[in-house]
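For reference, the structures are reproduced in the following blocks.
Same chain, two partners: subunit A is paired with subunit B first, then with subunit C.
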Partner chain A sequence: MTTLALTGFLGLSAALLGVGVFGILTRRNFILLLIAVEVAMNAAILNFVYFAAFPPNGGSGLSGQAIAVVLIGFAATEVAVGLAIVLALNRLKGTINVAQATDLKL
Partner chain B sequence: MSLEELAFLALAVVAVATALLALLVRELVHTILWIAIFFVDLAAIYFLLEAPFLGVLQLGVYAGAVTVLLLFGIMVTRKRIFSREAATGIGPIPLALALVTFIFLVSAVGELPQSEVPVRSYAPSALSVLLFGTDGAWLLLLGLVMLAGVSGAIYLVREGRD
Partner chain C sequence: MGLGVAIAFGEMLSPGTYTNVQITWLHLPPAPGVFPNGFSLVMGTLVDPLSSLMLVVVTVVGFLVMLYSIGYMHTEHGLPRYYAELSLFLAAMTGLVLANNLLEFFLFWELVGVCSYFLIGFYYEKPSAASAAKEAFLVTRVGDIMFLLGIFLFFYAYATAGPNGGWAANGFVFAHNGSPFLAGVMGRNTPLLTVAGLMILGGAAGKSAQFPLHVWLPDAMEGPTTVSALIHAATMVAAGVYLLAVTSVFIGFTPTDQLAIVAVGGFTTLFAASMAVVHPDIKRVIAYSTISQLGYMVLAVGAGFAMVGLYHLFTHAFFKALLFLAAGSVIHALGTQDLFKMGGLKKHMRVTAAAFAIGGLALAGIPPFAGFWSKDDILGSVYSTLGSHPLYWPFFLMAFAAVFLTAYYIFRAWFLAFSGDHIRDPTLPPPHEGPWVMQVPLVILSGFAIVAGLFVFAPGFASLLSGAGIPPTYTPTDLGLSAISVGLGAGGIGLAWSLWGNGRVYVLPDDSALQPLRRLLLNRYYFKVAYDAFGLRVVYTVARGADFFDRFVIDGTVHGFERMFGAASDRLRRMQSGVVSDYAAYVIAGLLAIFVLLLIVGPYVVARLGGA
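Let's turn to the complex of A and B:
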């Protein structure tokens, strides 16, 4: 049976969220921005899996894994929509730099 | 230190390093390679946490589909796919905000008990009962959101708009 301490896991997802925030704030390329959002989202999914593996008060944490399954599907949808925006932006402006996407009208 | 802890430490270091590298290297194709390693690494962590179904899902959806989608996006939007990004300076404010996020979360983590706990494992069949039981509300919700998202994506990229 595997035994592990919970704190290390939470530290990892905190670090990943920090990396994601850093990427969102520094990168100007839309695809890199999407990747940074994916890193931050993976930190959140990881947290759900941790708390499913270490349920409080000995209860069942299985719904944590179910939420993780649904979140992975949401993330895939989000990438599909994000790439559609990238393609539309590229066709209209000829660039995928978010600093030049100054109006909402596509 | 047990073997599992050693494995987790190695995986954690690789996860943070590849995530940082993916966001810092200047060639976009290298970014995709690093982020693919990051996704596979997270799948390994799911296996370590005895969630094999999620590990396989992570490999299939993230390491497979999302990586290829991002690569496709790069191929479509660039003339030469190995061209470099313009260097962006790393300002002090984003770095400070990321550090504040990290320190804030870690200080909250510090209040949790530090003791080692056995990892609770579930049979994949129990997860499927939860997902598909009661008329599969979870998966119906996921399917509806995906349908809405894909319809929106097709609307955005459709031809012949003015």
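Let's turn to the complex of A and C:
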């Protein structure tokens, strides 16, 4: 494949990141917020996969694939922790609206 | 006490010895331009004729006053404080007398000063006592600062003088190998040394209450009478004279300094004596008398007769302590210090009356009492210098005239307090003699007041006095002068008797030409008023200016910064909303900022890496 194809793929992941960031900034529902974070993170993982497919300087691209797999694992743990927080928040406040969880305010 | 007397006896057996024991506290390497041969700080003791004489005074009078205090102070509160301060004072005074260098001298000098402050303010609940203590401290402080400046100037002027690499390298000690360290360079006459000597004179004037720093001593009478006897008559105030004597024997004054010292001393004798003439307070009369007598000593030291001055210091310490303790006995019995309320006490207090009379005779210079020998020796010695120093004349005459006033005021006090047949104020309690612990010191001091002057004829004592400087001597001129001064003294006593004797009270007529003079004297020549005005106007204005600067400029700057950061952080803390989305926004804003930075810095980095 060509560099042009790589540019297109990178454009896709940039768009995904944009969607994720937009979601992070606008969502007030904690679960939707988590999903937005996942979207943004997957944009990053996709980047590793692209570069594994088009390895620069003639590399094998295996390290990119390995890092992508590790990152998927990270994403899973992150969601696990995130969902645990959602449950705790719901129990504490009776809501999962993050705008109402302002206990850290000075 | 025993040790002090023993040391003095040892000194008598081998006259003129300088026994020096010292340790080096600190030694600094040579500093070019400042101390070319290095600089030492030493602490040590030096026993020489001057210090052994002082040692006798300090220890004997100190012991007797301590004994007397047991009786005099037994009804007071805060006795542990009193004895602790008195002991500290005695320790400091002994240290001062035995100091072997100027810095150590200054150290103990300050210590006795602070003890004096404590003890004047012993009745600190009384506002007048507290303010008298403050006044004494502040006025002597003026002298202390001058003394310190004088030390610095002497150190600077003499840093490399003397043997063994100079005075600085040897810790500024007074004596070395049995002679004054600066023996080879004494008598130098430079403007710098003159100024240094004047500064030393200022320090001595502060401590010894000489004109114009005399104002504190009469007010210091707010302290217990025992303190007045020990500190403000016999020992601490004599430290100023001792300083002058030590300086003149070991360091040397220039002729201009000597004239200044003679002027201060001579003027003070008459000046202080005149104020004592009208005062109604028994203790203050004696306080003025102390100032006046210290003036004689200063006069003698200034004229170059350090040992003669110290000899008068020696006799004065005994009879002045005696006068104070006798006055204390009266105050203890009656609870008042007002002479005009007393009267007829000699029937009730025979020991005290006799003691006061002996002290008075010694003070008035009637032979054979102690004051006669030493005071006439001063007058005779100064008289012998008049030929070569005509400028001394007026001050000699002042000191001579003061003899008359001295005899008058002290017997005015005696007649007012002790003669007559009844107490003038009937509300006072019936007088009684104090307990034996108060009477014994009176008797012992009376003995000293009678015979201390005769010591000069004892061979050991005479050689002690001759150890450093010119010894007291009696010449035919002295005898002639003595006759005149004894006549003056007797005349003063006679005048006192004719005005106040036998219970009489002399009231100056209202239309008398002397009334303005009397008011002037009662108001102490308006010196206190002037000093207060000076303090209020000048010092207070300066202090207010400094306060303004401190408050608004220095504190203003500090508080300005404080307010600036306070306001900034107040704004900043509003960012802490607690809402997760806001924090996420900050994170993303930060990320964007990093991206922007990378886009700007990135090209350079890529270029540096070779366009990978």
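Here is the rule we use: the second predicted complex is superposed on the first by the 99 of 106 C-alpha atoms of A that agree within 3 Å, B and C clash if a C-alpha of one lies under 4 Å from a C-alpha of the other, contacts with A are read in each partner's own complex, and residues count from 1 in each chain.
The criterion applied here is as follows: contacts are C-beta pairs under 8 Å (C-beta built on N, C-alpha and C of every residue); 3 or more make two chains touch, one makes a residue touch a chain.
It should be emphasised that the depicted structure is a prediction, and the values quoted were computed from it without experimental measurement.
Three-chain overlay on subunit A, with subunit B and subunit C fitting side by side and no clash. In the superposition on chain A, contact of A:Val70 is made with subunit B only, not with subunit C. Shared-chain residue A:Val81: touches subunit B; no touch with subunit C. Residue contacts after overlaying the shared chain place A:Leu34 against subunit B, while subunit C stays out of touching range. With both structures placed on the common chain, the touch criterion links A:Val21 to subunit B and to subunit C.
More residues of subunit A are touched by B (comparison of subunit B with subunit C). Touch criterion met: A:Gly61 reaches subunit B, while subunit C stays clear of it.
In the superposition on chain A, A:Ala44 makes contact with neither subunit B nor subunit C. Superposition on the common chain A brings subunit B within a closest Cα-Cα distance of 7 Å of subunit C. Subunit A uses residues 21, 25-28, 106 to touch subunit B in one structure and subunit C in the other. On subunit B, the positions that touch subunit A within their shared complex are 2, 4-5, 8-9, 12, 15-16, 19-20, 22-23, 28, 31, 35, 38-39, 42, 45-46, 48-51, 53-54, 57-58, 61-62, 65-66, 69-70, 72-74, 76-77, 85, 88, 90-91, 93-95, 97-99, 101-102, 105-106, 109-110, 112-122, 126-127, 130-131, 138-139, 141-142, 145-146, 149-150, 152-154, 156-157. Interface residues of subunit A, counted against subunit B in their complex, comprise 1-23, 25-29, 31-32, 34-36, 38-39, 42, 46, 49-50, 52-55, 60-63, 65-66, 68-70, 72-81, 83-88, 90, 96, 106.
Contact residues of subunit C toward subunit A in the complex are 573, 576-581, 584-585, 588.
Against subunit C, the residues of subunit A that register as touching in their complex are 21, 24-28, 33, 98-99, 101-106.
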